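Listed next: structures, encoded as structure tokens.
One chain, chain A, appears in both complexes that follow, with chain B as partner in the first and chain C in the second.
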Partner chain A sequence: MALQSLDIKARSATTTPMPAARQTTEVAKLIDISKCIGCKACQVACMEWNDLRDEIGYNVGVYDNPADLSAESWTLMRFAEVEPQPGKLEWLIRKDGCMHCADPGCLKACPSPGAIVQYSNGIVDFHEENCIGCGYCITGCPFNIPRLSKKDSKVYKCTLCSDRVAVGMEPACIKACPTGALVFGSKQDMIEHAEERITDLKERGFENAGLYDPKGVGGTHVMYVLQHADQPELYSGLPKDPHISPLVSLWKGVTKPLASFGLGLIVLAGFFHYVTEGPKEVEEEETDA
Partner chain B sequence: MTNHWVDIKNADLVLIMGGNAAEAHPCGFKWVTEAKAHRKAKLIVVDPRFTRSAAVADFYTPIRAGTDIAFLAGVINYLLSHDRIQHEYVKNYTDVSFLVKDEFDFQDGIYSGYDAEKRKYDRSSWGYKLGPDGYVMTDPTIENPRCVYQLMKTHYSRYTPEAVSNICGTPKDAFLKVCEMIAGTSTPDKVMTIMYALGWTQHSQGSQMIRTAAMVQLLLGNIGQPGGGMNALRGHSNIQGLTDLGLLSDLLTGYLTLPKDAEQDYSAYIDKRALKPLRPNQMSYWQNYAKFHVSLMKAWYGDAASKENNWCYDWLPKLDKQYDMLQVFEDMHNGKVNGYICQGFNPLASAPCKVKVSGALAKLKYMVIIDPLATETSEFWQNHGEYNDVDPTKIQTEVFRLPSTCFAEEDGSLVNSGRWLQWHWKATDPPGETKSDGEIVAGIFLKLREMYKKEGGAFPDPILNLTWKYKQPEAPSPEELAREFSGKALKDVTDPKDPTKVLVKAGEQVNGFAELRDDGSTSCGCWLYSGAWSEKGNLMARRDNSDPYGIGQTLNWAYSWPANRRIMYNRASCDPAGKPWDATRKLIAWDAGAGKWAGADVPDMRPDAAPEENVGPFIMNPEGVARFFAVDKMADGPFPEHYEPLESPLAANPLHPNNPKARANPAARVFKGDWDTFGKPDKFPYVATTYRLTEHFHFWTKHARLNAILQPEQFVEIGEELAKEKGIKAGDHVRVKSNHGQIVASAVVTKRLMTLNVEGRKTHTVGIPLHWGFMGLTKNGYLTNTLTPFVGDANTNTPEFKAFLVNVEKV
Partner chain C sequence: MPKPQLIQRYTPAERVNHWAVAVAFILLALSGLALFHPAFFFLTNLFGGGVWTRILHPFIGVLMVVLFIFMAQRFAPHNRITDADRRWIRQIKDVVRNNDENLPEAGKYNAGQKYLFWTLLVCILLLLVSGIIIWQPYFAPRMPLGLLRLAVLVHAVSAFVAIAAILVHIYAAIWVKGSVRAMIRGTVSRAWARHHHPAWFREVTGSK
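Moving on to the complex of A and B:
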């Protein structure tokens, strides 16, 4: 049990049955792109709450900064200039980050026991102390979200502020959003709120407005209200029909037991190596000027 | 703002023009999303750039920077020629029926009374015809060719959709679509709000842009209405407080004015400002001017101010000329200024024409910087390579840096755009030897006073007699200062109707400016703020957001000037009989039974003024009504007229192609030596405009790591078509040159800057965000005022940062 109020529903590379005595509410974050002004307050809130400070980078010709997600940037505004109808420009600003899939490809792909967990409220969390840095979760993610840290070779991503949610608070990004483009609550409530928003958007001429809650990953716990739900790719390449990579399914279905056995052998061999040879001595790094 | 942030939620239509609320005011912008979500409001954005506001708008159309008057004048023409105005409102609450002097004239872009040599108007012909009774003559049929309605209709008939499109580059069908949406709010049950900011003020005709928009709102009957109004979104969290407290060179507190040099006589000074009503039964509230002025002088000089010495009138400075920011740097540049105290201001970055400001600062003997940060101004003498290429050995200016507290390190009040005085409490102690601004200024004052006491001086009286009764003289507390500006009774103040009834006892805080007197019995540092700290306590500290009428006025949240009123001119939300125009949007109403005005807001009207008395809702105007014809109040004409920016791609004003005098604003502030410095389109063919980004606040937040991460490096925005012509790709470095200087930055190539068709020619716009400099954590960048011309608005002297000429090349 990670925290008293968070039951783990699924755990990477683990066969022990998970607790099932109580039922918790499934939560979701709803991102209404039609209300988003791209102010990046959510990015700041994320950095502040999670004590993250990415590098002060460069302008590479776009508003997106930092230029991409990283181990220090768990969420990011992606700005797309599109013309769904010729001559009618739209600036679609999408908050990118972990979608917290009901069927998480990262967790399925992860070979390290307990490095990735899914709580019964739907949040998918990385427990980096168990992460071996293999990067399989990166391959497993249909949304290209997890990022390997150069500092500790472990993988990081949005936690949906599982620590805040565990004690009844909303994620930090939600609290910071000035326009109500980000809202948080039970998944059911969020779907209902989205329906109201979609009705409003349809009245304003967005005939294809809809909710993005893709079934290919079992639905997500981060959902979008899209003005053009028929063309999610317009939103900086949001996948139209995301699925877990067949490689992961293969790994999970057939090869995983074998691979786990292989991995076990490696770990065992490593252990014997350690007790017979001792720890590896790291030579003092040369300092560059 | 005539209204306030929360009230935006009551709008049916929001026009964002001359501003970019989503970008620069993201927290306040939430009320636009509320209006959209709960009132099904529509949002229109008109801007040279497709902005963050445009990203969530229902309709966007581009406009060439600096041509907003033409656009809005076109809207006026549309409303008048299609008869889409709120007739009852216009007839009863504006000056349409007033007759104008026969001498007033407008010929080929120039109003009567122009002196080309001085670039100034003699405004004596810009007035109403007065009858023998002293009141304005009117024609209620509005058919007289000299009535305001007819003059206005003729004036704006030239702004046809074709003319607008030709000048602004806005496609004609898009312009007409905006007109139609706006015209939809001419009915009493539909209201539009206009949100603007420095996109209108920072032009050589910025004040007139705002006036044109106000005229649109008056024609539609949208002033005084919940969800309506003219809403200026201020650029700093407390810039409203700065202007309210008179920190402009020609103002005293509460928009009382400093006398001019010729005004040596006290009673003449008061008479000129205590305006008598120009129509029967009107309140003409400035008749109370002396009460506010005398109370201010009592606050400053206490017992030393008496009736006998005209309340120390002789101690007030008399202006021999304007001393606005442009003038001060002009004088400094000419070696006429020795010392400069620079408090919370970064003029090297904020004043126009960096090279001129830098040269001016170098001519000072000393400069004192009061600021929490090391600013570009405080380090102007350091060489920072290409970003600040100066030779420190040639600069003798001695610079003193006095670190001051940041807003989170002090208690006090901030006045937001909606005129709310909100008290705040410090969150943390300041670092090191930092002192509050009050403490720093007190220290300077006490030292000066000591020197005057010991050494005398040319004119020590105003310094030696200044009231300074703070418990810790070296550190006046924010609470003491707030009580001082709110005001108190020095003697018992009685009811004028019943002298036996004491309203406020001697020594008590007054309840509001209605209790101020011109006999020296009250003192008040700023009449507009009067009542903010009464005997009930610090009303600015209130945080009760209950909203009993459900219309978002929350009278017990903080304190709103004037008189805790949330919506100014709110009498105009009712018809002449005192009934709300829109029963579903009731703000106040006349309660005939009780014989008074009442409702969700503090009525902007004498409380017992029955509708039959015909007291007009615009109580500060001696006419009692709002003015389409500005009489002599504007420096550049009673009706706004389109002029080109000083630096424009057009050789002539399309409305006056043969009159070079009417190309740019004939009364704009231009110093003689600066005429030759303006760029011409042959060398600088593109229109440039500067602006803020959400990620930063002016030149401060580049010192903060989180903000620096979000926008780390200077960039300029270039439209796809221009980029293609110049072979520029996103992320390339480009050089932007004006006739004043050049900058190099990363290029953001975008569809959001559209190529416009102006007078049959392609016109490109270059967007230049302004946040970078040579101090702080972001990558070093160029101050953008390296590029901007030294010219000011005719009325406010605000620099023209929003429209000038540049050229662009790939580095």
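Moving on to the complex of A and C:
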């Protein structure tokens, strides 16, 4: 087995059970959007720890820089100017990146054994050496996170610094955050911490403040404290009720084992038909007179 | 030269075309199944691993489509569905039970062959369109997510139907003795033609 802290709980394209004798503590990153000042220290820390240097892009007219996630940019501040109530402008800054779903659509869609794994602490990780570059994980993800590299045709995304977490450290972005908007710990602790923050926000007039831990994907291991939890779309299109697309579930659910079984049945049916009814042979007498 | 009692059913060009499509189809089915379900992932070894399977599959696919288009335009005129064909399908029990004497007369192709032809034509067109949409890294990055999700499903469903149809096609060739020879050597016996494809037999021989 690998490190105990990286025991694998689920593995792509694998139909047999994973070692399940022990359960490590579920971890979570909590992003308190009400405390974020948009400094991008988390982006820099992510680049630094993971040794990533994205291509230098162009200003597209907003603060978002780079403009989108990429194979070399695994986290990104998205800036939204919105008016939740008329005349009341708010600048909502959301740190975007992998949500580390408990029910990961990417892992479900992946056809390559062991290219995507979920550790028992909840982190969903891509093992690029097993990735075949088909892009199926992109169709599976409800948050539009994985990016296919133009250099090597493999997909990349936030690892939640699984290498750091494995040895008892917090992710690089957490360490860099100057305001305490990012915190990391056991999922239970993070939920409790979020509750305190939500109580505080409600006292300050954000009556719809709440925790974003969407049930549609089984909960996530990256959670947000939102001032307007009733309208997550305000935060640069954070989905209100994310779930694995029914098209993907239909494609990857029971359909494929059933279809494979069906193909086997056709072969067997042919064989037994031959055994019982026999071939169509033209009688000798029919040869041309 | 075929012996006088033999009738030519397929020209050398038609046979080469058919078998080129067949080889491409088998490669596509094996590499496609490899990514269809983990139970078949071992098939990627035939193509040099998972990455090579992903790279090769779409190129073989385009090659097969080109070859199939040639074949389809050769064979399409013989595959128009008639009223007799609809009766043939209703009497599918007689077909399966080998009670051929009760069946409506078939032309160059019987109803089963014709429906197979149209099924494969539709499936291959769907596979082509959905396959281009999900083709990494060339076309897929430009496609919207919703379309990708639809295309992977369409690709899998139409591939399943096509593979199922081809299994039936292969079995039918084993079942109806003389068919394999027709596609390998190009000729059939007069008796075979008169028994299985009487209308076509009269057409090519001019006899009653």
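Note that in this section the second predicted complex is superposed on the first by the 248 of 289 C-alpha atoms of A that agree within 3 Å, B and C clash if a C-alpha of one lies under 4 Å from a C-alpha of the other, contacts with A are read in each partner's own complex, and residues count from 1 in each chain.
Here is the rule we go by: a residue touches a chain if its C-beta (ideal position, glycine included) is under 8 Å from a C-beta of that chain, and two chains touch if they have at least 3 such contacts.
None of the values given here were measured: they were computed from a predicted structure.
In the superposition on chain A, A:34 makes contact with chain B only, while chain C stays out of contact range. Using the contact criterion defined above for the overlaid structures, shared-chain residue A:111 touches chain C, although it does not reach chain B.
Contact with chain B, but none with chain C, is seen for A:180 once the two complexes are overlaid on the shared chain. Applying the stated contact rule after C-alpha superposition, one finds that A:19 touches neither chain B nor chain C. When the two complexes are overlaid on their common chain A, residue A:150 makes contact with chain C while staying clear of chain B.
When the two structures are aligned on the shared chain, A:200 is found in touch with chain B, with no touch to chain C. Residues 5, 33-41, 44, 50-51, 53-54, 96-98, 100, 134, 136-137, 140-141, 145-146, 148-150, 152-153, 156, 160, 163-164, 167-168, 171, 174-178, 189-192, 194-196 of chain C are the ones that touch chain A when the two sit in their complex. Considering their complex, residues 34-41, 43-44, 47-48, 53-63, 65-66, 81, 83, 89-93, 178-181, 200, 203-204 of chain A touch chain B.
Contacts from chain B toward chain A in the complex involve residues 22-23, 26-27, 29-30, 33, 36-37, 40, 50, 52-56, 58, 60, 694-695, 705-715, 729-732, 745-752, 754, 777-779. Here chain A touches chain C in the complex through residues 13-15, 109, 111-113, 130, 132-136, 138-139, 144, 148, 150, 153, 245, 247-248, 250-251, 255-257, 259-260, 262-263, 266-267, 270, 273-274, 277-283, 286-288, going by the rule given at the top.
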